[in-house]
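Right after this note come the structures.
Across the two complexes that follow, chain A remains constant while its partner is chain B and subsequently chain C.
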Partner chain A sequence: MASLAELPRAAAAAAPAAGPLVPRVVRVERVHRETRDTVTLALRLPPGDPALEYRPGQFDMLGPLGTGEVPISVSGGAPAAGTVEHTVRDVGGVTRLLCGLRPGDELLLRGPYGTAWDAEDGVGGDVVLVAGGIGLAPLRPALLQVLAARDRYRNVVLLYGTRTPRDLLFSRELDRLRRRRDVVLEHTADYAEAGWRGRVGVVTDLVGRAPFDPGTTLALVCGPEVMMRLTATALVDRGVPASRVRVSLERAMLCGVGLCGHCQLGPLFVCTDGPVVSWDTAAPLLVIRER
Partner chain B sequence: MQTIEAVLAEHPFFRDLEPQWVELVAGCGRIVHFRPGEDVFREGEPADRFYVLRHGSVAVQIYGPATGGVTIETAHDGDVLGWSWLFPPYRWTFDARAVIDTSAIALDGTCLRGKCDADPAFGYAMMKRFAEIMQRRLLATRLRLLDVYSHGVPR
Partner chain C sequence: MSADRLEVLAADDFDVLVRALAEGGREVLGPVLRDGVIAIGPVESAADLPQGWTDEQERGTYRVQPRADAAWFGYAVGPQSWKSVLFPARALLWSGAKGGVGEHGVEVSAPDRSAAARPRALLGVRSCDLAAIGIQDRVLLGRPAVDADYAARRADVIVVAVTCGFPAGTCFCASMGTGPAPRTGYDLALTELLDGEHRFLVAAGSPRGAALLAALPTRVAEDADRVAGEQLVASSVARMGRWLDVGPVPAALRGALEHPRWDDVAARCLSCGSCTLVCPTCFCTAVEETTDLVGASAARTRVWDSCFTPGFSYIHGGAVRQTTRSRYRQWLTHKMSTWVDQFGTPGCVGCGRCITWCPVGIDLTEEVGALVGAHVDEPQRQDR
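Our next item is the complex of A and B:
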């Protein structure tokens, strides 16, 4: 008889075709520790599994076998080649179990779900990405998409805020970005010890002087909700139309397909109408107090 | 080489200030340079000036016996550093230290206070500019108090 931990795996393996709610059993191929509490998991999809079509900004539901699930945005990988990456911060519960996985471990994955950044809407103009903390992870696929077609965009600007300098994600990639002449990268930390030679301050302060033309800009913003509110407001104050500012919302997503209603925000189901929505849609909803 | 007046006229802080007032401000200014690690000012010293940064980076720090120097914020190209010259008792409340080679225009606070008192319209224009900086830094401080990256909803 299958143990409790094996039951979901057995159910997933028995599924004849992947429907929107059917999880896949995937294997951890690599684990990269980003910071003291955050890892990036490179997952290998099962052989013969139809390649999943991910769009930057979408998320999967991930669950270690025999436990619950959490929504985690895709942070990279090559889904067409059978790998997908998720960057997970250990905040306890299921995320702690995810962060404790090792190469070879199996887990359940279903998705991808939700709307995308659609960075291609910025072709011909400037693209500004503003990330706060772990919010860089969902933005990374959009950044990589833009860089892959760099000549189709004008200024590409990444503004990144972290709690401390030690909380930087994808630090090697960011080092490479800093050396590029065709990308502007500004990082700031909320707190720093005296030896730190970079910026100290909040990421919203970077918006005012960043080199972009508000009239041609597409802005993609991801981070804690307060940070996104202030950043989106600063972008609009600089002249970027609210319809050209996109944020990634976060609510308690359970089913991922708009059935359970847990992630409802006003008229939206964040799992299907989001997580990426434009600021003109999100702004009036974010003042709704949840009880 | 640009005159101080020309530099100030192009600086974001003085943008749209009446030209005759820019000239007034420039009369209280001198060009200064700081090497990496050099003090710009120190807590407790008389605050008799403020700085308009042209190029470089300055860390505003507070020293604690257990923590050593902690950087509270940094100032960069186009920023204005220091407002303790505006209010009694005219003493710096933090340390400021150049992080990299930094060039700035130092503006004499006593000189400027006299000109602000003599011409209230000029004084009001200056005060509005400093109030905007204070408002922005207060907002930034409040945001940091929220510690959003620690308690924000994780992904």
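Our next item is the complex of A and C:
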């Protein structure tokens, strides 16, 4: 886990000389099991690798040799120390192999790709992060960025929904956050279990009474598409302008650089025009079924 | 075609041009009769051209037929576009292996692209296909991420365009503003004239084309030659099998995403992807990863893909576009509307291939007309 001081530099990455579709070989430094189906991989990158220059919200293409690759958002890391982290949930062929990697294993990486959260646009106002499930992973570097300059923001609110109480990512870090007085953290589980004394329900329900001023809020939302749609709608209903609500879209991505065509959503190439887009752009595209 | 530099090349001297193109080992590719179609193949002399052949095309129909005259370029377009040369269906992206001796146990390297980069001359490029090459240049070269294989293939290409004098029933380049005469993007533009002496009007469109032209045994075009060329273009426009008023289409389609016509066309569409394969601008690709039996070496290959396959939009949990309705809508709205948002031009050049090669005869111009109420004129439509 990165300490809060180890922040990515928000510099544009230079394209590697071999071309955008040729991956680099990187090594697994540490593996941290987050939940029964999710691990965080800390990857050791060579000095000067463009993926060290990621901006929160961007993603890399990852995969072991010979297995294909998948887009995985950067979830943190210590770029100054030469590592970046990716939090991977085992949902398919490549992610299963990624979740089974051990320290010292090598894999292939391309990136960083896509647009960023640009949390600094929230300076001077409230920042509300709303995460559903694995959606906390892409938001984590943005949260760390905000906390590293905590005095430049007003309220900092993290609303986090998981399927069950045990599906919590970054649990030790969230425990530390809970003890901070300058951060509001609300966690809710879709389904309770015996002994769970926390909140039960969907994360959207937390938006209504969370402490933020809609007029000064920048909201960053990441989770399943239906969760983002309902959350963004709830935020807009509370008065946050749609242009100040940002979501991270997910579509099939094979190249990450706008060439393969798979991620298209209306006029967007989600890999290069996204994954982070503002809600005023995303909303009209997502209302059309199967767009 | 600029009027001030028009020359005339006798058909008997055509091989001088072919030899000039082939100089230095350059591969000359042009139209050849093969497998019952006019395809793209090596051309060593005018004898390789489809002399005296034409193509008859309608929705779902293509036939080569003998012509009454001996025209060498007396056809419209074959199933292959130049995409098959400049953006082939398969291209190696990289290969890698375990067991390296360097810093890493795994090593990955970009392929040798010298074969892809071989100098080529494209002979007989139609204006629609010329426009398509321009569009692929924007898509594959004109943005921050460049397709390395396309860049290699595109680096040294001489384009010899030929005015389309005999459009097919499925053609609508005149309405798309892309033909039938080549306007830009060529080194040399030819117009084949069959009245009297069999000859070609020749115009240069680049310094390289001008140098080629200067070395040919040509004479200055006379008024009669120019008039014959203009008449050919005019008669070609008049014979254009279809027409699509494209102007209002991009905006109108934006407002037609839930039109009942999508259900109508989905009931006919087989979701086979033929249209995307023959389309000269469709650029979507998938990747194939191959390994040896023990997984010690691997290679990744870029292959043409089609937005009509169920796997195209697959993310964990299922495909975004489950239905043929949504897949046809994606293809047509991308081609005619969102392509404009992305690249400043429609992705359609009016070549008509998607109409000809659709196994159930779905006609893009007809579907667009039904969706947006655009004027669709099909003088050669045959009820079938």
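Assume the second predicted complex is superposed on the first by the 263 of 291 C-alpha atoms of A that agree within 3 Å, B and C clash if a C-alpha of one lies under 4 Å from a C-alpha of the other, contacts with A are read in each partner's own complex, and residues count from 1 in each chain.
Following the convention adopted for this analysis, a contact is a pair of C-beta atoms (placed from the backbone, for glycine too) under 8 Å apart; a residue touches a chain by one contact, two chains touch by 3 or more.
Just so it is clear, the structure is predicted and the values come from calculations on it, not from any experiment.
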Touching partner for A:73 - first (chain B), second (chain C), both, neither: first
Which superposed partner A:123 touches (first chain B, second chain C, both, neither): neither
Which superposed partner A:21 touches (first chain B, second chain C, both, neither): second
Partner chain in contact with A:250 - chain B first, chain C second, else both or neither: both
First, second, both or neither for A:149, with chain B first and chain C second: neither
First (chain B), second (chain C), both or neither touched by A:81: neither
On chain A, positions contacted by chain B and by chain C: 91, 95, 250
Touch list for chain A against partner chain C, complex: 15, 18-25, 27, 65-68, 91-92, 95, 106, 108, 250-252, 254-255, 257-262, 264, 266-267, 269, 272, 288-291
In the complex, chain A residues that touch chain B: 59, 71-73, 87, 89, 91, 95, 132-135, 137-138, 161-163, 167, 190-194, 196-202, 204-205, 209, 223-227, 230, 250
Chain A contact footprint on chain C (complex, rising order): 93-94, 96-98, 104-110, 139-140, 143-148, 257-258, 283-287, 289-291, 295, 297-298, 300, 302, 305, 307, 312-317, 320-323, 325-326, 330, 333-334, 338, 341-342
Interfacial residue positions of chain B with respect to chain A in the complex: 12, 57, 59, 61, 67-74, 76, 78, 99-100, 136, 139-140, 143-144, 146-155
